[in-house]
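Each of the next two complexes has chain A plus one more chain, namely chain B in the first and chain C in the second.
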Partner chain A sequence: MSLAEPAALPVAASAPARLHIVTRFSHRFKTSLPAYLLLLPSLVFLALFTYGAMGRVLVDALYQRATPKAPVRFVGLDNIAAVLADSAFTGAVVNNLVYAVGTAIPSIGLALLFALALSRTNAVNSALRAALFLPVLIPMVAASALFLFIFLPNVGLLDYYIGSLLPVLPNWLGDSDIALYAIMVITIWKNAGYYMLFFLAGLQAVPEDVMEAAHLDGAGPYQRLRHIIMPELKPTFLFVTVIAILNAVTQVDHVFVMTKGGPSNATNLVLFYIYQQAVEHYDIGKASAATLLTLAALMGLTALSFRTMANREDGP
Partner chain B sequence: MLFSRRLMLGLAMAGSLASALAVPALAEGPTEIDLFFPVPVDGKLARDMGTLIKEFNEGHPNIKATAVYTGSYDDTLIKTRAAIKAGKPPAAVIMSANFLLDMQIENELTNLDSLIAADGTTKEKFLGQFFPALQGNAVIDRSVYGVPFHNSTPLLYINADKAKEAGLDPSKPPQTWAELTDWAKKLTKREGDKVTQWGIAIPCAYDYCGWMMETLTMSNGGRYYNEEFGGEVYYDTPSMLGALTWWNDLVAKHKVHPPGATPGPAVSTSFISGNAAMMMLSTGSLTYVRDNAKFAYKVAFIPRNVRNAVPIGGASLIVPAGQQADKQNAAWTLIKWMTSPEKSGWWSRATGYFAPNMAAYKTSDMVEFLNKNPDAKTAVEQLDVAKPWFATYKTVPVRKTLEDEVMLVLNGKKQPKEALAAAQKAADETLKPYNAETSLKLP
Partner chain C sequence: MKLLDRLFRDTPLATRNEITPKLGFLLTVLLAIVWLIPFLWMGVATLRPASDGINLMAELMPSLKPTLDNIRDAWEIGDFPRYTLNTVLICTGILLVQFVTITLAGFAFARLEFAGKTPIFYLFLMQLMLVPVLLIVPNLSLVAQLGLYDTLTGVMMPFFASAFGTFLMRQAFEAIPTELEDAALIDGASLLQRIRHIYVPLSMPSFSAFAIISVTSHWNDFLWPLMVINSPDKRPLTVGLSVFTATAEGTQAWGTIAAGTLMVIAPLLITFLIFQKRFISSFVTSGIK
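Here is the complex of A and B:
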């Protein structure tokens, strides 16, 4: 090769290369155009109703008005500071933590119990599964209306049956010490059947041969549960826990119908607090700030759980 | 290529379809207006409203009104505000009477003075049709912003059978707090520590609780708020302290009232089932009690400690701000029609609310109805001592500060005095921005 050649070559080569990139790009674009067009309707709606709304919340969280007639002005992080300083918000966060833990653990425990008991398919079990799944089919608002009657003090269904056993009849939803637990009962009743489905599916994945081998080796029911079934169900546990916690933050229909966060904020949960700020206080800035905080917490939680799940798939 | 061309064609078709749908709306025809209406009490009201609007449309061919059900009072406020923000306010709304001031402060209401003047009448003449007690919640800064549509006052409901059983005369109901306490004691039945029948039940849930506190405070000589100015409430006062202390005494000292916070429907169920022998509840529940009570009942004025006085409740018709002139006029025609003596009376008989238009009680249908149901008359008679419903800047949060504290007291977690001081402090905080713009904005 002569020395002159390389000088000429790049020029000759670069033009087709650039051309090549352009054509390749346009070619790729052309081939994927139908795909983008097909996605366009969903993208438009996602942008309008999901990302647009999130963007709007972000903007709204930065603005506030000083007095009722004053125009809104940029206040930076003041709204977030105001939310964090509000004892009603911190109270709602504490309530929500109690509510999340207090509903997730019992409903998952019950769900596992139901799934283990009903894992074999026969007519009786199918009927029982359907019965346990029934609460899932009842809309939360309807269920809350039903429980309003069950919890009626003195004359409700609950007091009718267990009233004679108690020394004093409690005001289930009107006593600030009891109300949150009464609300939790509904959530557990409603969600346990739903989580049972996941565990039933998870149980199908437990290898039959391993179970048989354990049986032949003389492993008792407890040992099989502890050493074979539980490890196999770990991904299911993780998934259901995430769902249960998300439910604890996003489902407040029963609070809305039954207590409106009362008495004295005893059943106020974060999402209901946001509703109160937006609607009752008519304070969009504070409501948006509280929404952002909740969104951040939920996204953090989801990211964490997905990472753990991904790690698990690589691991043993 | 074929694919995208087909897609373009589809989009073009969708576009032309959309414009085809939009065109009729622009064409000349009857003025179309929406009426937002809440159903604060049970069931049948939505159907009654449909009947009413159908009759209106038949009588007014150049207006086509549509009744839009919007949930509870609170939901109706939310939806109206959302519609105003979206630039498409409804032409008229049946709005909880104590939200009007807050909406006026937020510039969300149409001043009705010019519409009244255009009819060739005066404000005084127009308002003169309605019971004087209702005017306080309809007039703001001497301008009319609402027209009373259906209203209520709190009443004392007595299970007459149980009263007779306890040796009390239901034809002479208790008139003072002392007599009521005495009645409640006699009507309470116990088995050991357990109460099997409560003497009296007073509802306390968000919304109802504030109204009952206003009721008790007023009968104790007090005022809940500054009727002339939306920036003040009087929570930390002797009259309210007396009211809350008495309520708490019924629960904790005399043990004749169920503990904790009990919502309105639970109280009425308790009364209907015979578990509570007396209750304080809205006149709006009268139809429900009449239809469901399997015993003789009696209604009476709310007993007094210092004076006979009660707040009004219920809703007014409003025209949201930002409405086109033709729709505004159509809405005004609808509002005048709905609040006319005949329609007002019809609605009253259907719902149990009283008719705000005084002339409604002179119609023959109403005279006949009252003769048949004398209990409905008590509600109307009590109007003589009725006063406006509390309305402040941010009415709901300001009310909630009191309700949260009252609930703590009824649950035995706080003493009345410290609870009211805390409520006052929190309410003042909420009212601060409004005061900064009005009473504390000095030259």
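Here is the complex of A and C:
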């Protein structure tokens, strides 16, 4: 048998070469099949609700209805142009940028302070950590219900206790110059404790012997923070910044409960604008166009954060 | 000052006389108190009788005549038992399906070699950024096409696959020695049997960590169920609370709002206070949900 084979091979040399690739491919597929079957349930839902959804956004953004009942017609980039020309959308983008920066920086700064102050484990520190972490657990809607009263003019918690210190009582949620900042306070209150956890974990990576050497050299607390702790926490900073920006785009429940984007769109954020277009104006074309623009912006962030995540995930 | 010294007595000798860390600590204590004030107000206002009037509503000193009227009112006005049931159904439904999908996918990434492993892995990784809440518009039309508008299943479906859970299980499964599986292989156990009887029982800590993250995040979901659910009797707690708040705000019934909020968050807070350590470590692993 083994002797006969080499002689038989050259006869059909051309066809089996291609056959060989096919068999190799089918062999590879066959050995991969169990893995594909295991991945199938996840892939179906990813296909439907993540990647399929992105495809549908792309298509929906190109179509428009004249009235809610009219058939859709192709309008090309008109929806995108309409969204970009809508001052409510551009206003929401500006608000969202202010909101992202104005929530990310204070909450990350506070998180670092909390983590540095509570890095040693003892009963007191654990209790303080738990207190700072409580807001993370509760729904944004519940937080909004509480802050609705805190910001209530005249009789609310804020005015009751610090109102006498102010020359005029501001209408925290009703004044378009202040409302966005009032909304930001809730986000900072809710997220600082979450980011604190990542800094606490990051601080454990600061090498003990380097810290001891710094003590021996007489390095003060600022020098230790600036030259030892901060460089060590750099990956944590990047990671937390990405989450903070993501949160600034995706957490809009408080806008819905407290201000509905008002007064005069002062607290409108991009995702809430999308919600309004889809649910209140039944304008799927415009809502999709706005979603598309937001996704494009986040894709940029994804590319940026892939590097950050590569440090945490080792790849397959 | 003595108390502060005692708290700092485990710090290195060289730093013990530094003033900055202590100031930072005092500032943190102060802020922790500020952080708790909304919760404190919620508790005090819940027990405050309506007869105290609106002007005393903000007072943080508890009323001397505490009452349960607000809780009773909230219970009667809002349909909280129904909302709670819906939220529990949604969280449980999502979690059960997720357990299946993430176990299978996590195993494939941890233990199997297959063509296209890297691209498929990145397909999962991307989902971490493309959070479902951003895709509410296309997903709402899909849910409607599937005939699942205004159903709890429609609320659950976009969350059935979880990239975060898959990575978590992959990590857990990779840590399990292959020798255990080899022994089962010799005994003729099938792939699913090996997953079911070897990998799953040994990965319970990861499952519980994932369960904590999954349940807390879906307990708190708002915008998506708000869009999918139309019937009042299918509302989850968050949507119910927002409707309840909007109604009670009109009548300035702040004590009732406080009581309603308390009922919504109490289950999570109590669970957290019992399993504090486990919650904290789960949230650290969560990174991006």
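For this structure, a couple of remarks:
Rule of thumb we're sticking to: the second predicted complex is superposed on the first by the 277 of 316 C-alpha atoms of A that agree within 3 Å, B and C clash if a C-alpha of one lies under 4 Å from a C-alpha of the other, contacts with A are read in each partner's own complex, and residues count from 1 in each chain.
Rule of thumb we're sticking to: contacts are C-beta pairs under 8 Å (C-beta built on N, C-alpha and C of every residue); 3 or more make two chains touch, one makes a residue touch a chain.
Given the structure is predicted, the values throughout are model-derived calculations rather than measurements.
When both complexes are superposed on chain A, chain B and chain C clash. Of the two partner chains placed around the shared chain by superposition, chain B and chain C are both touched by A:P34. Using the contact criterion defined above for the overlaid structures, shared-chain residue A:H281 touches chain B, although it does not reach chain C.
Contacts of A:L304 after superposition: neither chain B nor chain C is touched. In the superposed model, A:V22 makes contact with neither chain B nor chain C. With both complexes placed on chain A, chain A has more residues touched by C than by the other of chain B and chain C. Within the superposed three-chain model, A:V72 lies out of touch with both chain B and chain C [touch as defined at top]. In the superposed model, A:V136 makes contact with chain C only, not with chain B. Looking at the shared chain after the overlay, A:V155 reaches both chain B and chain C. Note: residues 34, 148, 152, 155, 279 of chain A belong to the chain B contact set and to the chain C contact set alike, using the contact criterion stated above. Chain A makes touch with chain C in their complex at residues 28-29, 31-32, 34-36, 38-39, 41-46, 48-54, 56-57, 60, 110, 113-114, 116-118, 120, 122, 124, 126, 128-150, 152, 155-157, 159-161, 189, 193-194, 197-198, 200-201, 211-212, 215-216, 218, 220-222, 239, 242-243, 246, 249-250, 252-253, 256-257, 271, 274-275, 278-279, 284, 287-288, 291, 294-295, 298-299, 301-302, 305-306, 309, 312-313, 315-316. Contact residues on chain B toward chain A in their complex (touch as defined above): 3-4, 7, 74, 77-78, 81, 102, 105-107, 193-195, 198, 204-206, 258-263, 265-266, 269-270, 273, 275, 393-394, 396-397, 400, 403-405, 407-408, 410-411, 413, 430, 433-434, 436-437.
Remark: chain A residues 33-34, 37, 66-70, 148, 152-155, 167-169, 171, 173-177, 260-265, 276, 279-282 touch chain B in the complex. Within the complex formed with chain A, the residues of chain C that make contact are 7, 10-12, 14-15, 18, 20-21, 24-25, 27-29, 31-33, 35-39, 41-42, 45, 54-55, 57-60, 100-102, 104-105, 107-109, 112-118, 120-121, 123-142, 157-158, 160-163, 166-167, 191, 216, 219-220, 222-223, 226-227, 237-239, 241-242, 245-246, 249, 254, 257-258, 260-261, 264-265, 268-269, 272-273, 276, 279-280, 283-284, 287-288.
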